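Down below are the structures I want you to see.
In the two assemblies presented below, subunit A is common to both, partnered first by subunit B and then by subunit C.
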Partner chain A sequence: MRLLGFLFLIVSALLIPGFILRIKSIAAGRKGPGIWQPYRDIAILFAKGQVFSNTTGLIFQIAPAINLSCIIAAAMLLPFGRYGSLISFDGDFVYFLYILALGRFFSIISALDTGSSFEGMGASREALFSMLAEPAFFILFAALAIVTGHTSFSGIFSEYTISGDHNILIMTLIGVFVLFQSSLVETCRVPVDDPKTHLELTMIHEVMILDNSGFDKALIHIATYLKQAMYGLLIYNLITPFKLNLVFQIIIFVLVQALYAITAGLIESFRARNKMNRNPKFILTISAVAWIAFVIILILKK
Partner chain B sequence: MKGSYIEIENNSGPYRIDDIPVLPYSDFYNQTITFMRERDSIHCVAYFGIKYQNRIRIICLLADDTNGKIYGYSFIYNDNETLDSVTKVLPQMHLFEREVHENFGVRYSGHPWLKPVRYSYDRLNTDQVIENYPFYRIEGEELHEVGVGPVHAGVIEPGHFRFICHGEKVFHLEIQLGYQHRGVENLMVQSVKPLQKCILAESVAGDTVIGHTIAHAQLIESLAGIKAGSRLQIERCIALELERIAVHIGDTAALCGDVAYQLGQAVCEALRTSVINTTQLWCGNRFGKGLIRPGGSNYPLNAETAKKISEMISDTGRRFEDITERIFSLTSLMARFEDIGTVTALQAKKAGATGMAARSSGVARDIRVTHPFQYYQKVNVNTIIQQKGDVLSRALQRKEEVKESIRIINQLLVVWQENPENISKPRYDVPLKPDSFSVSLSEGWRGEICHAAFTSGDGKIMSYKIKDPSFHNWLMLALAVRNQEISDFPLCNKSFNLSYCGHDL
Partner chain C sequence: MEYKFKYICARIYFIRMQAESILIFIVITLSVLIFFAHQRFKQLITLALLAVIAVITTIWSITVFNDGFNTPVIRHISLSGSGGLILTIDKLSAFFILVINLTCITGLLFAGGYLKHYYTRKKGLNISIHFFAYLFLYISMLLVVMVREGLAFLIAWEIMAIASFLLVIFDAEERQILKTGISYLVQMHIGMFFLLIAFLIVEKDTGMLGFDALKYYFKEGHHLAVFLLFLAGFGIKAGLIPFHTWLPEAHPAAPSHVSGVMSGVMIKMGIYGILRVVFQMQNDLFAAGLIILAISLLSGLFGVMMAILQHDIKKLLAYHSIENIGIIGMGVGIGMLGVSYNNQSMIFLGFGGGILHILNHSLFKSLLFFSSGNVYQASQTRNIELLGGLMKRMPYTSVFFLVGSLAICGLPPLNGFISEYLIYSGMFSNLSGLDFKGSVIVVMAIAGLALIGGLAIFCFTKAFGITFLGEARTKQAEEASERDREMLIPQLIPVIFIAAIGIAPSLFVKPVMDLIAGNLSLLVSGPIVIPENGSLANISLISGFFIVILTAILIFRKLHLRNVPVKKEPTWGCGYGVYNPRMQYTSTSFAYNYNHLAKPVTGTKKDINEIGEEEIFPSERSFATHTGDPVKESIIDKPVEWSWFVLKKLAVMQTGKIQHYILYAFIFMLAALLLTYLKII
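What follows is the complex of A and B.
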């Protein structure tokens, strides 16, 4: 059963990007590509050869694989409703965050390895924004840990259930908000970044992978898709009462992931992205909101 | 103002070359400075050299916005003479002097920076090539340089941009163009058939086909001493306004795209298509290639097409109004447009800005009003201006100009029906008057386009000069991004949407 949850995660990771694309093309009144387009692109990338620039070294070649494996390692920590995760230990949410950070560290130094001034700019933006995004996640899960008395994802989510208690409801709402907003930062979507842009000077994540090609580029895309699905799964875990039976759980999971994709798609259709120097403020706001949840819990516990 | 110059009018003539007074350089220098210093309304439309009677003659053409005149005067350059640069006093002349220096080896002293305009090497000193090209530098440990181009990520033309940045903030931008140099001016002289010249004029800048061909056609007509009939003039104006509408809507789409506002982008792109498709319906080409020819037209407007145009513009106008209302009330988008890339009116004047770039900075320069050509003499054109000179002003400028163009087309369509004369086929074989010259200005969507031609004793064109508005306005972009964030550069760039090949010729 634990493996099942992990498989659901992989399947949803396969579907979300195409779904977001569909939502965006419907919102723009375009015919648009099919839901499988991202996978056709990845299949093409896998079939292609790779080009390495002369200025790059070993780091550049191994970084995409390390990044992907870090993300898979992190994904294995996530439970699926009442079914626990593949790996679980006390304090694993700290491990979760830093294994993701390790992956990001490698993508940043791989961008610096190319010596391109664009990629250097992208790397510095990525480093800054992810650093600012970190406290939000910690504060939120620290609050959840206080509520439930557990420090692992499996423990937290097996204990945390939505009930009529209005404090818990507020806490859940804030949690969903924080996770959703962090996912926009982490997966480089509007309003923080624009995955569609071709303008090197305005990119954050995309500019870091300008030099990657073929197989490596496919790995990087897969890593991003997985990350997206992981945030969807976290949101699902937060709002699902774990006592439901499997069928209901799956239905809710599908709904949550679909809603996640629809919301992300609509945001990308109907608003402009932030000015670069507004991004820190935007990201710090997420932490501030998470802090509210933490304070609510402190009051509750007294 | 006393001085020695020939006073000519736009799209008239032909005038005799010998009527352009030849001044000693000191008088030329003083006259240029007096003219442009005393009055804001006078700006330089062209400053170029011709080889005349085996000597290099440098001609300066100034346009006076108050009385619709163009003043022409010249000097003769003797080899190895070093001239005092006008740029020291009038920065707007910097590019003209660089161009003359590059093409004729005229030496200037006191010019702030005589670097090449179009060639990858200095033609006077071939050791200086683009590889060891001295880009402007600021030394500092915390500064870094970002070079963009000449090959860009989008499907656009080549040009090199060198930023000097402090973190995300741009201190200085240097723009090096010339990668697209095709020698259009020389080809204009070399091409034997008049039709070839028309096709060359169409290719000066791909998005200003109508603007450049109107300038070319009226130049040939005035050199030949013929005048287009009212109906033909009206049709040309309609085509020019259609081009303006199409480009402004397309650029609004691109501006939305650059800030990731998908709705605005998708809607405006669709609207632009409906405009250019109407041009295609009219002449078979979406950009209006083949539509404007000297002396006549291969595609006279018929009642059916005129009705289509009228329906299309009212429909497009309404839809564009709807979407721009949304665009300019969206807070996330206004936060991106407001106070970004500001160019003040003073900077615009000093840079010699023209067209919509100047108007959005509060400088009311519009050739349609000041030096009316074709049928613009008889229709009422309002000059739209904005005051702030930021990206928002330029976006609003486009919105308002689309509205105004629609109003102009509606006026033109009414008078078009009242002038039911026949339009003849184009006249390619008209003889041009020998030893003459003429100057033709038109207001393309980007701004003032200047074509000037000189004929030799046998009535052949011996020198042809083209000036696209981009020539001045690239400096506006460099000024706009100072102290801005480097991530806002694409937005500033798009808000001007200048032509690379129009500059490079």
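What follows is the complex of A and C.
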């Protein structure tokens, strides 16, 4: 049963990107590609050869693989409702964030390995923005730890909804907001980053992988899809009532993931990307909101 | 029969003690040999002498750690067998002894390769003084952690300062380095005075000089002021802000093995002192813990924020030492808050994380300094803006630097993560049980530590990426070549430990927890239970999974690449064909966005004269940015300037005429007479 979270994660990672694509093309009134388009892309990438830059070396070769394995390792820590995660221990969300940071470290230095100034620029932005996003998650989980008295994903999410406290509603709203916003930062979506922009100067994540091709690029795409699904799973865990039976849980899970994809797709269709120097403000707002959640909990609990 | 056996045991014990004393005396006497030996053998002699002491002290430490009852090993160092210098080794000392031994031996091994290039350039005497000072720095650090008596402690502390001063000014031909060295020596002595005053105040109340007096002194009443004196004295050595100003200057000036040892272990002596004091405190723990936590958090943030803006690789590492001392201090602070809230998991995880981070930092920081020494020797520059692309020419060095960088950022599956994880767990463990004040403090610390982690990643992606990746930016970087084995093999020692602590943390955390349990008798009333922690085993497990998945993907990738065409081409320049390495992102441009945000703290200044409207044909312009140290500017440079101003005014009195001076003496005597007559003094 502990495998459930991991399996559902993989399944939703398979579907969300295509779903977002569909939403975007419907919103734009285009016919658009089908829901399976991301998988056709990946299949093509797997079949293709690779081109390496003369400048690059070992780091560029191993970075995409490291990034993907970091994300898979992080996914093992996420529970699915009350069914628990593959591995769970006190403070596992610290490990979760730090192993994601390891993957990011490698994708940043892999961009620098190409010696391209464009990729250096992307690397610098990625490092800055993800650094600013880091505290929000910790503050949110500190607040959750106060509410539940647990310090692991499984512990927090299993205690959270059965604590019988009505104030939890506020907390949940803020939590969903914080998780959703950080997911936009982490998975490089509008308004922080626009994966579909045409000018390298305005990209963050896309510009870091300009030189990747073939197999490596496929790994990078898969990693991004998984990351997206992970945030959906976290949001699902936060809002699902603990005592529901499996069928309902799965229904809620599907709904949450679909809603997540729809929101992300709609934001992407109707909103412009932030000006680059507005991004720090946008990201710090997430931490500020997490602080509010924390203060509310403090006032209510202490 | 049994009586006789006991007698023999005692006899053997006595002989062993005597033998150890004699051995130590022989080592100290033989150290003169360094001056007479041939250049090539100086390092070997130092190594041999150092190894003897290392073996003796390591045996003591292991004895202490194996002892279940926490009895300290006590040794009298004297030739006659009685009296003499008393060494007390409890688990805290033993831990520090092991850290000192490990780092100093790797440092000396590395020095063998590093200094070889100086043998032709430098006089024999210079090299001799250097190794001699190294040996005595080592011995004095050991004494610092083993001596409890105040005067002996301060003497050892002083030897440590002087020996490290001699090591720092190895390149004293350069005026700047000599100046840095002297400024270092002055600041060390300011710290020494704080300690002297603190010890004397304690002595006045208790009649004892030294650490043993503290537990009586702190027993009753409030003694926060004395605690602050100790904190200032030890804080200067440790490099906590605002006492860090010597650190970013002295580390780059010293040769790499010295920076490694100084940053790896010597600054930890300050932490040792703070821990000794903290473990004796019985009142005011909340206030003291809060002060330590706040100063440490600021040190951590400030250190890493400044580090990002440095271009001198060793200065960058030096600022990171401030950051890491901050992380250690946060652990200690959380532990102390745990004591005041009487929560044992907070105590053990806080102190445990802090103390383990001492070991961890000594490993990865010395590794980073050693590998940056390789870079310096290969390219003759420490400025990372002039480097680039070194990974292709110096593969081993760059892998070592990469391992060090990952570890210092606290990333799993390496050792830095374990200690930071323990500190995080300490902070989270009792969040729901804390009161309002406590939770606000702890959550601010959590957010701070998270930010420190993010900033560290920013800094080391920059340092590693700009130095080792991309293309060479200058000729000197292009001509750099890998160093020889003598410089590379010593760096393997910290790498092995870094990986071992990261993968199998339980082995290393358990002794640390025992250490804390042994030191809590004064702080915690009631039974002391080391919290059972299954998390570490789980961390090993998931790190194992990570490594397995990674290997699987890499193998699959390798097989895959055999079947598809693989081409080599220039980097995609977005359509631009005439690419040259100077167009790469530099360290300044990488930090540009960040600098924009951090300017209020770091105070970066620009030097540019703007183009005026009336200038139709603008003349040549230059542009430069400077990053000073705002704290240094405000607490050292400004007061110095101000006192110069005052003293210059006073210099009117200094006329150089003997008549005036006699007049001053006369006025003084007259005043003294008058004042006594009027019964004012």
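The rule is simple: the second predicted complex is superposed on the first by the 297 of 302 C-alpha atoms of A that agree within 3 Å, B and C clash if a C-alpha of one lies under 4 Å from a C-alpha of the other, contacts with A are read in each partner's own complex, and residues count from 1 in each chain.
Rule of thumb we're sticking to: a residue touches a chain if its C-beta (ideal position, glycine included) is under 8 Å from a C-beta of that chain, and two chains touch if they have at least 3 such contacts.
All values reported here derive from a predicted model rather than from experimental measurement.
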Q: Decide which partner touches more residues of subunit A, taking subunit B and subunit C as the two options.
A: C
Q. Now for A:Phe270: first (subunit B), second (subunit C), both, or neither, which partner does it touch?
A. first
Q.
Going by the contact rule set out at the top, does A:Lys48 touch subunit B (first), subunit C (second), both, or neither?
A. second
Q) Where does A:Thr202 make contact in the superposed view: on subunit B (first), on subunit C (second), on both, or on neither? A) first
Q. Taking the superposition as given, does A:Asp194 touch the first partner, subunit B, the second, subunit C, both, or neither?
A. first
Q: State whether A:Ile16 touches subunit B only (first), subunit C only (second), both chains, or neither.
A: neither
Q. Now for A:Leu68: first (subunit B), second (subunit C), both, or neither, which partner does it touch?
A. second
Q.
Quick one: is A:Ser117 in contact with subunit B, with subunit C, with both, or with neither? Answer first, second, both or neither.
A. both
(Q) Under the stated touch criterion, which partner chain does A:Ala28 make contact with: subunit B (first), subunit C (second), both, or neither? (A) first
Q: List the residues of subunit A that touch subunit B in one complex and subunit C in the other.
A: 117-118, 120-121, 200, 277
Q: Note which residues of subunit B are touching subunit A in the complex, please.
A: 144-148, 153-154, 168, 256, 258-263, 265-267, 270, 330, 332-333, 335-336, 340, 485-491
**Q.** Residue ranges of subunit A in contact with subunit C within the complex
**A.** 46-59, 62, 65-66, 68-70, 72-73, 76-77, 87-92, 94-95, 97-99, 101-102, 104-105, 108-109, 112-121, 123-125, 127-128, 130-135, 137-139, 141-142, 145-149, 151, 200, 210-211, 214-216, 219, 277, 280, 287, 294, 298, 301-302
Q: Show which residues of subunit C lie in contact with subunit A when the two form their complex.
A: 388-389, 391-392, 395, 402, 406, 409-412, 417, 420-421, 424-425, 428-429, 431-433, 435-436, 439-440, 442-443, 446-447, 449-451, 453-455, 457-458, 460-462, 464-466, 469-471, 533-535, 538-539, 541-542, 545-546, 549-550, 553-554, 557, 560-561, 564-574, 581, 583-585, 589-594, 596-597
**Q.** Contacting residues of subunit A [partner subunit B, same complex]
**A.** 24, 27-30, 117-118, 120-121, 190-191, 194, 196-202, 268-278
